[in-house]
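Next come two complexes, and both contain chain A; in the first it sits with chain B, in the second with chain C.
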Partner chain A sequence: MEHHLLEIGGVRMSRREDLRLITGAGKYASDWNLPGQLHATFLRADRAHANIVSVNTEAAEKHPGVVRVFTGEDAMRSGYTKPMTMLTFKGRGGMEVLRPERPVLAHGKVRCVGEPVAMVVAESALIAQDAAELIEVEYEELPVVIDPEAALAPGAPQLHDNVPGNVPFDFEAGDAGATEAAFAKAAHVTRLKLAVTRVAPNPMEPRACLVAYDAGTDMYTVHVHVQGVNMMRKQLAAYTGLPEEKFRIMAHDVGGAFGQRSLAYPEYCMQLLAAKQLGRPVKWIATRSEGFMTDSHGRANYVSGELALDKDGKFLGARLDWIADMGAYLTPTGPVSHLRNPSTCLTGVYRIPALYGRWRTVLTNTNPIAAYRGAGRPDVAYVIERLVSQAAADLKMDAAEIRRRNFIPPEAFPYKTPTGSTYENADLPGVLEKALKLADWNGFANRRRQSEKAGKLRGIGIATVIENTGAGLFPRDEVQIEVAAGGTVTAYTVSHSQGQGHETSFAMIVAETLGIAFERVQLRQGDEDHPLFGNHTGGSRSTVGAGSACHLAARKLIEEGRALAALELDAEPSQVEYANGSFRGGESKRTITLADLAKSRVFSVTAQGSFSSTFPNGCHIAEVEIDPDTGVTEIASYVTVDDCGRVINHTIVEGQMHGGVAQGAGQVFGEHVVYDRDSGQLMTGSFADYYMPRAGLVREITMEEHPTPSKVSPLGVKGMGESGCTASLPALTNAVLDALRPLGVQHLDMPLTPAKVWHAIQAARTKQ
Partner chain B sequence: MAKVEITVNGVKHSRDVEDRVLLANFLREDLGLTGTHIGCDTSQCGCCTVHVDGLAVKSCTMLAVQANGANVVTIEGMAKNGALHPIQQAFTECHGLQCGFCTPGMIMAVAGLLKYNPNPTDEQICHGLEGNLCRCTGYINIVKAVKRSAELMSGKK
Partner chain C sequence: MYPFSYVKAKSLKEAGEFLAAHPDAKLLAGGMTLIPTLKARLAQPSHLVDIGGLAELAGIKEGAGKLLIAGGTRHHEVATSDAVKKAIPALAYLANLIGDPQVRNRGTIGGSVANNDPAADYPAAVLGLGATVVTTRREIAAEDFFQGMFTTALAPGEIVVRLVFPVAKRAAYAKFPHPASGYAMAGVFVAETATGVRVAVTGAAPGVFRWKEAEAALGRNFNPAALAGLAVNADELNEDIHATREYRANLVAVMARRAVAQITGK
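And then the complex of A and B:
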């Protein structure tokens, strides 16, 4: 893939944003400071489920430098008790979601370790921390339930009075009757029970927030990391009951997000309350330990899957029973993403005539779950692709051949799936054949023999996946473009980069559409002086939504500029030509530049577009080598062929793929949030206990593109920020199981740690 | 409270600091050098790596008072007279950063690594970066950036 290098100010760079980030001049949430600011710290629950008998703050309040200590009583008085929900559809049997209350400081009860119980506000962060240790909380412990299946059992501890049986939402998709009929005539049924494990997204920047309240204007200024200012504002308004227009959200650089940074957390709402009541700005920076406990976790889906096949390996039906652990409370994104995305893509890339899925969201005494890179898409891809590879093994078929035999053929697109979504376009056989060639699929047997000679177990795993990019919380995406008299063209977006490089790729789109130099175009994201309607960055949708709107706005700028230039040139607009930043026309044949038009007026346009889901797809093939003496797995090769439509910037796409695959590899080989079953204590509360991918886990990725342009976007782009995660979970797991299958190992759940793999090998050998 | 004198990026600073203040917090809060990032509280992530008397050090592992009299270089001190340090140049050329939060610490750690091993193998690079976490890049381009840094520092264009 070509590496795209820019020349900016005489320096060779991959991206416009790099210069400030490599020199330490980036501005992240914790880098903001305001005169007179106070510092907050939170005392957190050290029990997973308990009644709060009393909270004694007397000593803390007397501690020198402490300004105020807030408790659940303050939270209840404020009425900040009900977070937003994005669930707008009904569940099974017309069920409405049961929304548990979540006071911004715990009141009456704590339901997971880490839940904030009190907030100390003091002159310094260290004073606040000292004082928090002086708070005495008396608890009356309650029985704990960590495992969502156990939480469904009769007699299980109940978390919320208004959620009987711990199921806040029960959902189904597909046709149960038709699926049952399909299974009845099946020659073979493959069944797997799969854990899509709970993981911690862990963007490298810990959470931080600084809130200032201005009594004169009755406005809150919130410096915080976002994926888009509108999403944050909407949630803060919903949680507090304050009007959206009361919030000015300020964010510059965001140190990674992966879905976790789209949420308005309870702590931010407490800072709103404190900043107003105390009349001074309130700053809070989370520690990583707090992050592990309270930044939303991802995945945590436990799925029983069945695939029915005829004697030729053709799929007849698939059925999923899906348990989605939601943690102790519902986040705005958790339920919707873990139901809608999997049901949209339930059929995977295959023609499966009959489909049925049931999803039960379940509350447990654990940290809440929210969207995490892929948000249900990697989860369903993992389930379907594991089932398909297992079915191939059951039927002694080639794992590529079973896929080939069942693909939705190119001529069947647009393809309406049995769960009601419509896939736009794809060339699945083309993607597969390219990937097989790139991975030298046919040469695997030979490579396996070579590994065997060296005493190693070798496996090959394949995953062919499709995913829906986000349709968005807001129905339209707006972009404004403004031309300055000096000639600089500035585009404004709601969509906010967290590392994806929008300042480069969106500027490329504008520059290309206007036919002007890249250097003349700059991007501003979430600029509150240029309020716009539209969506945050999430669900792989930014280039589809904001990127396309950049293109539409640039075209609109040309048309409005043409009308203005026509007046000055004394010509009909139709006689005015535009090229490379200049208009020409009329009898004078005079040239008027975009910058000229901005000299006598504000020259700015806003364009909007409505962009539905696109369907990026691809095939990933992984090869692994396992040392049976240690259980250590090495990724021997990793090949990707992806269709993300037209590519704007190959370097950025490659980087996104690297990161996504590594996050998938992290989950497959080590990442796992673990709670103690009896006490509900978090066992993986720091980077010392929680596995994070390190340099060397994924050494190399061989990539090729196979674009089929989307018509959803005038640019032909599809999203791709999450593709790496989606395909790598099943591809890598299938590879490990392919290596172990000759020993008789049929299934292992992630994480495939050396210990787990070694034990499986030992157990299988003992049996033999 | 203790009085410290610390030279940071060539400038001498005298401050009164609490005994318990970490060097990382001193740099960020007392000197306003926010290019040094804090990504964890257990000294695993490496975001806060700086150089103390020529050694790459995670600045959350030492107290400000321990750096009394020391010569500290942070990410803000790497570019000289408007020219990027070769490692900074290599990171952008190789797309070795995305969100950029781990990047200052990565660059300082790589400078420490290359000082003792100007031409490391892939294996040595991975080992040398064991103490630095990145969540965005998958490290492939970071490893490339280290190799490119070595090239640029040995005079290759």
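And then the complex of A and C:
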């Protein structure tokens, strides 16, 4: 591999892990098996809110091949009743979070469809499934509340005794008084009530877990998919009350995550209990139906937004009132990410002098919400960017011009926002102008006329966004590098790829720093024989954190190697030179390689670093064409200009951007988890009803980079795994609304399905 | 999936006899509907009688103004068959819109027709072309064969052997796929046949149906404009989270227009 690649601004390289993954040679959670393993299946609540009167397991226990049936009584006896919380800060008026109990099997009450009520452990999965059908549960139905706004109303069904009004946490940010004053002097106020719809993460790999307990060492080995072993270990320990060091987490390949894999689910905790009590390993593989019902859902924020402007279109203030649906229980990541990330980026990319946000988290009879690609960042970008484009329309201003007029100027960075965060750096006008040119913004009117001639409605939408990448649950990231006598260099990280391409990117960083061939470097993620402190993969933090630590560890390896080489070369370390894997120095001018140093000793270093948030930003411009006969929207063009700092591998960055944009497009045009309002039954429980984007939805993306290197990382990188999602939600929705506005349509909520768009067109035409 | 016994039939006769003797046995051809149903534990047959590879159910023949497609013919075979493309290109086009490549390489025309999913594509062609369903016992006209959602004239143990399509003068199919499932949300098959214009609609209602008003209008003037102002009764159509009845009624009209336009080039 050519050296100094980082200096010349990155390379293009296919991912080395792809051949393994696409030829079926990957090892996923369900691929693990142990001798003597038992199989678990879960009987799940078939109603959304009910008292459990009785659970009769007699027939199931007698079913041949059944080893044990567990119920909520077992969960209560174990004390596995309270999941971890990451809400360590206080809320509005000093409020502490009210943590609802969530026994790992429902006890007394079920609060959403799919909640596990009993676990059958048997000699085979089939036997367990058969036996589960023999369990008789008597319920006493309770009134159901699905809509979080309805859950706030007086007299609404209450989910948890210790959470009065269904609000476990109330939070605010900014200055309410100053914001009110700003609105008082506004020439214009734009208001929108927006739904950032509930979606299902749907990673390709269904959930699976295999737990073995060893009585000799009192240790649990947990084979499960993770975003990082430490996060999983911490949560399992918190949920069960067992010490963290009792868990050995084993994970290789992870088939997609999007935030969903960061949780220790109740099912895994029940497997811990069963494996210990039964003395045999217990395996469980979820079906896709269970995935739709019980894998944590994402988004589900309902926001009333107001933007105050002066007569020239300058922003004076913004006020956002959030209702954050949390589902029936709080997950560790749901509330924290849906409050902290939006409050960090509440001002968007704009200078808004007065800002206020209030967040009410609300419990409903639905599946719990957790972080989902972007985790609140796309949500806030969607609200702000919808408001800004709507304001431009209200004031008959160009949507790019209103942004230009209100950007935080390059010289104002580092920029302290009114909600207390500090954006590191960005060149927003540079990003915008590049994108406008790439999208031929000025030629749109002409293209619209062409579409009109063909009977189509054309619209252009823009979004300029910024987001904070995750600093992480752990205050620092460690990476270990070990050199083998054969010359192979292995880097160990906590950060765990779920498809991001770490094996390529991180190996590139190590190879580049050491000046050795890429092929000589390999990556091991979450290796329990090399325990390290550090963060999981999430919040676009991995290259910033683990990637930077790879670089620091490689540098440390050189320095320690220099000292060792100096002894062997009989020279001062300062006189030993290092280049391309070899040390040279002393009078003999002898050469000692990294591998030589590993022949007589374990040659290994661990480096660590603390990395705060970086602030990737960008401008996306989407152009759409709508067929008014059917309401079908086609994405005519999609342009991205992103500042994700220095790029290591353009191929991976582009892949992440493609995936993020497509994921956002999926949400804009169809993805939506729907529950029946009255019964709380899941209406989108399979791919027959739940829309997933197909390849044809996003045919081409034109991309350019506009890097301003970050100083947070010695590599100059910023995170970018979520940027595509963050910008595409508002860019695409703004484009559709731009197409419909001439008809008089001002607002639509996602998903912009053909039927919804067609109805909007019909309604507008009827009015005209 | 519940346990079941697998039986590989050596002939249609044997399969029919086995079904007669085992009331809870089910036929397995391509399995594209049955297998997912079994996996979801929504059916519990005692036996699966596999007729997927029977020579009696293979083959496409054309002659004397008719196209004969054996019941075991895979969608992919129909979509790529020169005989079908020559005789009724709209049928090959329709077959290529079913499911995805995996489904098209497993699913069979006989299985699809016998299952009579209200959103399947083939029933529109069978009814639109006025085809005859030949079974192990008799010949059934398309009109009599489809009897509403997942219901057909087939008696227990009766197996679809082949479909006999009269070759139409001109025909076309326009489909609006359901955004999630890819099945027809509205699929309209229009054919100009020896006995007049036929318009069959799938996906929109509880079962495939003929849109007689459109047939009459197109019989007078075979042109998309002839359909202006015509609408199916929305009250009789399906509704789900992806589409209202009104929207489906609109799609039927739009797809009908587009099918005619495919033929007339207007």
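One rule holds for everything that comes next: the second predicted complex is superposed on the first by the 755 of 768 C-alpha atoms of A that agree within 3 Å, B and C clash if a C-alpha of one lies under 4 Å from a C-alpha of the other, contacts with A are read in each partner's own complex, and residues count from 1 in each chain.
Operating definition for what follows: a residue touches a chain if its C-beta (ideal position, glycine included) is under 8 Å from a C-beta of that chain, and two chains touch if they have at least 3 such contacts.
Keep in mind the model is a prediction, meaning the values are calculated, not measured.
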Between chain B (first) and chain C (second), which, if any, makes contact with A:Thr81: first, second, both or neither?
neither
Of the two partner chains, chain B (first) and chain C (second), which one does A:Thr726 touch, if any: first, second, both, or neither?
neither
Does chain B (first) or chain C (second) touch A:Leu21, or do both, or does neither?
first
Scan A:Pro754 for contacts with chain B and chain C and give back first, second, both or neither.
second
Who does A:Gln480 touch here: chain B (first), chain C (second), both, or neither?
neither
Could you say whether A:Ala688 touches chain B, chain C, both of them, or neither, answering first, second, both or neither?
both
Just chain B (first), just chain C (second), both, or neither: which does A:Pro206 touch?
first
Just checking: does A:Thr344 make contact with chain B only, chain C only, both, or neither of them? Give me first, second, both or neither.
neither
Per residue count on chain A, the busier partner among chain B and chain C is B
On the A-aligned overlay, A:Asn166 touches which partner chain: chain B = first, chain C = second, or both, or neither?
neither
So the chain A residues that chain B and chain C both touch are 126, 289, 687-688, 692
If we count contacts the way the header does, which residues on chain C are in touch with chain A in the complex?
1-3, 40-41, 176, 179-181, 183, 240-244, 246-247, 250-251, 254
Residue numbers on chain B that touch chain A, as the complex places them
18, 20-21, 33-42, 44-45, 47, 74-76, 78-79, 84, 88-89, 91-95, 97-104, 107, 122-123, 125-126, 129-130, 132-143
Across the complex, what residues on chain A touch chain C?
126, 129-130, 289, 629-631, 669-670, 672, 674, 683-684, 687-692, 753-755, 758-759
Residue numbers of chain A touching chain B in their complex, please.
3, 5, 11-15, 17-28, 30-31, 126, 201-206, 253-258, 285, 287-289, 498-501, 651-652, 654-655, 658-663, 686-688, 692-701, 724
